[in-house]
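Got some structures for you, see below.
Shared between the two complexes below is chain A, which has chain B as its partner in the first and chain C in the second.
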Partner chain A sequence: MVKLFIESLKLSIKNEIEYKASFIMNSISQFFVFFTYYFTIVALFNKFNNIKGFNVYEILLCFSIIQFGFAFNETFFRGIDRFEDLVIDGSLDRFLVRPRGILFQTMCQKMHLIKIFRLLQAIIILVIALIKLNISWSITKVIVLLLMLISSTLIFFGIFVLTASYCFITVQGLEVKNLFTDGGKHMAQYPISIYKKGIVFVFTFIIPYAFINYYPLLFFIGRTNNILYMLSPLMVFVFLIPCLLSFKIGLKHYTGAGS
Partner chain B sequence: MRSYLNYFKLSLITNLQYRAAALAGITTQIFFGLVYVMVYLALYESNKGVNAPMDMQNLITYLWLGQAFFAMTFPFSKNIELTNMIKNGNLAYELVRPQNFYFKFYIKFLASRYVSTMLRFLPIIVLAFVLPHPYKMAMPYSLGNFIVFLLALFLSSLLVISLALLMHIVAMFTIDASGIQSMYMVVAELFMGSIVPLPFLPKILITIGNFLPFRFMSDFPYRVYSNDIPLKEGLPLLLLSLAWVIITILIGLLLSKKALKKAVIQGG
Partner chain C sequence: MSYITVDGISKTFKVAKRNSGLRAALKSFFNKEYTYIDAVKNVSFTIEKGEIVGYIGPNGAGKSTTIKMLCGILLPTAGNIKVNNMNPFTDRKKYVSNIGVVFGQRSQLAWDIPAEDTFDLLRDIYNIEENEYQKTKEELINLLDLKDVIKKPVRSLSLGQRMRCEIVASLLHNPKILFLDEPTIGLDAKSKKIVRDFILKINKEKKVTIMLTTHDMTDIDKLAKRIILIGKGQILYDGSLSDLKQKYGSYKKITLITKDTIKDIKVKGLISKKKIDGGYSFIIDSNVLTISKFINNLSTKYSIIDIDVDNENIDDVVLKLYQDYEI
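Up next, the complex of A and B:
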């Protein structure tokens, strides 16, 4: 399975560098995106010195964790993000007759490797933040950092799968999914405590962003020693259950979209 | 002229079909609006003594206007029809039509933006006005400001289209223009003030931004509304905005003529 995935990865790379000039331009522009994101936060904190008690590097840490998860999904799991294309043009029917899982095939079918630059950017920002923050490192700190990165990847994966299962019902009004991916990503760039109750509730108990980069972040930067805060990223697995389940149910009832 | 008007009408009708998309758009815009407002409120609350570059009420009005007219001012989205035409060579058919290629697409782009804006802006504006105090959008500073705002917004829509169309025309010179297009998007978004309002940027970027057309796409209209850019400065800026519209249209027109003249139709 891993071999197949790597094979698809190779194909995607070849595909991506086919038009050389465009590839270079694309890479540069992706890099510029990095600067605008980074600059906006740094620029804001040039004028202000904290947001609800968080300083600029704590914000950058929070931001980079979310960006990491999102960019990872955009790069390697792009196919799931564009699942509606498979339903609309009927390619999904072909997948059904092959001896591999549908989700796995979807992942292999399309990757968007140019987005790897965003992944690198997220890592660069993460490193900058970590250097400036003066973390008193320990094994638990390393674990919680890894947990945050993994859970951030998984939560976007879950949302992608959830919207993919929505495609089994209808491919209309799919723009709503931007609300949960792009919107959620924007919202979760800042610690969730800066928002009002309604938003905090939705993004803690319905889509658990708070468990990814807020509660563990508090533990990581030493605001609390509560072990529950450290383990809270594991909540993402609870979130994944309904996502995967709904995909499975949707697939079972899928009867083809076209003639 | 009649035929262009018909293109406009036809585009309007076609785009009216996307009402479900509009509903999703409204929800997204309202969500983004609330998130942005809350972030800035938190910033202002946590830094009480700090001299902020924008008055808070003006800033919140700015943010809501940005969400309400998002469909009109976002710098670029790929037009499938034109992009495919350029890629698969059907552009050749355009050469035999009596209408000017550039203006035909200008009209089509404009119409589709106007429809999506008309379907979206009202609920967002209404909500922004009825929200409780710190979240609430303010009325225009004066009637004069409001008139300049409307004119600036109209010029903004013309400028957005001429630049977006220019980015499509670039694709006639290189086969895959997505690199240039996404670069354009980044630069435009930064200097039009859609990521953060321009006053929050470092001084050097503000200076650079003053020499570029992008600030007329959203910064100028949204700030003149609340007199954050005083009315006195508004009138000369309107003229400058108009000048940018004319310049960008001329560049687009010339480039499209040049591209079509050189066009080699491949295949049979």
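Up next, the complex of A and C:
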């Protein structure tokens, strides 16, 4: 499986550099556009010293973890994000006659490698935040950081799969999706405690963003020693179950796309 | 037990009903009405190992839907499919490593890169052992005359070259069954011939069981000993091509050039009469009405400039079948 993924990766690279000029221009613009996100945060903190007790580097840490997860999905799992295309043009038929999992093939089929610059940025910001925060490092701190990064990646994966399942009901991609991915992403970039109760509820129990970057963040920056806070990113696996299940059910109702 | 057993399968699609116009569009937005369309109704047949079967029928008859169910892409609404003791849909992963599928209207090759790169990817998808892969690839490329072609980006290939690459892609894993959905669509005569010769060859040498759909009757004539005709989702004829030809083979097509107007003729054995440019075209059943009698009959009443007698070709036979069954 790993071999196939790497082989697909190579193919994607070949595909993208086929048009050289466009590749270079896109890379440059991708790299710089997303820095503006971070500039706004820094600008904000020039006015206020903290937001509900979080300083600028804590916010940037929170921010970069969500960005990391999202950019990772956009880079490597782009195909799932654009699943409706496969249903519309019938490529899904092709996947179904190959002896591999559908989601895995979807991942391999389309990667948006240009987004790797966004991923790179998230990592750069993450590292800056970590250096400035004076973390008293320990093995549990390393584990919680890794858990946050992994669960952040998985939560967006889950959302992508969930919305992909919806394509089996109506071929049009769901705009509601953006409420949870783009909208959710923007909200979750900040510690969840700064929001009103209703929003906290949605992003805790419906889409568990709070479990991946708020509770573990509290543990990571030393506000609590409760081990549950550290392990809370594991909740993402509970979230993944209905996502994957709905995809499986959707596949059963697939009706193809003409001859 | 046959190799492929299809037992009473049906497939019903739910389609949203929508009239034209903004009002209707708004109405359907709030209260969608659905109609149910039976794409395939109670279809049964069996195919033995090593057979080539031509699956024919007009557009929208249910050919592609049947093929998709046989490939495990669609789940039948009712009925059962067993291929080599496997259920295509539920045993999908195991099943599809034994089949090859060519969708003539849909490419599986990556557009911007050479076909060979897609082949390499398929090697990993199917987990083909390197030596075996190289051997199969060489063999297929030689047979289909693709030596230089596979190094060029797919977007720069001609349709015929691309189709041949598609066929290679579908056979790299040495499947036991090959489904070809319109493999010669849009190809020129030379490419068609290469593809046909190739299909015959792999059937003979590798004992690959082949099911093909096509609108090209020459394909059927050259390739399939047995045909299954489907119309409006139901099987109308399942049998040998020669039987079909014999049944309709006594039919002759007579083209008559005349300036006269020929009125309706009532004579036993005349199947059809059609006005054409500069004359008429008749189809008669020569078992009932001999050609000489028919021409004699006409020449006494009308002045005939030219006459041409022709055997019906397979195209007309099929058209007539369609007519007989009113599809």
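As a working rule, the second predicted complex is superposed on the first by the 255 of 259 C-alpha atoms of A that agree within 3 Å, B and C clash if a C-alpha of one lies under 4 Å from a C-alpha of the other, contacts with A are read in each partner's own complex, and residues count from 1 in each chain.
Just so it is clear, contacts are C-beta pairs under 8 Å (C-beta built on N, C-alpha and C of every residue); 3 or more make two chains touch, one makes a residue touch a chain.
Given the structure is predicted, the values throughout are model-derived calculations rather than measurements.
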Report task. Label the relationship between chain B and chain C on chain A in the superposed model as either fit or clash. Result -> fit
Report task. Could you look at A:190 and tell me whether it touches chain B, chain C, both or neither (first, second, both, neither)? Result -> first
Query raised in the report: A:227 contacts which: chain B (first), chain C (second), both, neither?
Result: neither
Query raised in the report: Looking at the overlay, does A:199 come into contact with chain B only (first), chain C only (second), both, or neither?
Result: first
Report task. Going by the touch definition up top, name the partner, chain B or chain C, that contacts more of chain A. Result -> B
Query raised in the report: At the Cα centre of chain A, what angle separates the centres of chain B and chain C, to the nearest 10 degrees?
Result: 90
Query - Shortest CA-CA distance in Å separating chain B from chain C in the superposed model - result: 8
Query raised in the report: Looking at chain A, which of its residues have contacts with both chain B and chain C?
Result: 19
Requested in this report: Report the residues of chain C in contact with chain A in the complex, numbered from low to high.
Outcome: 13-14, 59, 63-65, 68, 71-75, 92-94, 96-97, 99, 101, 103, 105-106, 108, 110, 112-113, 117-118, 120-121, 124-127, 153, 181-182
Query raised in the report: Where on chain A is chain B touching in the complex?
Result: 19, 21-30, 32-33, 36, 39-40, 43-44, 46-53, 172-176, 178-179, 182-183, 186-187, 190, 194-196, 199
Requested in this report: Enumerate the contact residues on chain B facing chain A in the complex.
Outcome: 20-21, 23-25, 27-28, 31-32, 34-35, 38-39, 42-43, 45-47, 50, 52-53, 174-180, 182-183, 185-187, 189-190, 195-196, 200-202
**Report entry** List of chain A residues in touch with chain C within their complex
**Finding:** 3-4, 7-8, 11, 14-15, 18-19, 89-91, 93-94, 96-101, 105, 252, 254-256, 258-259
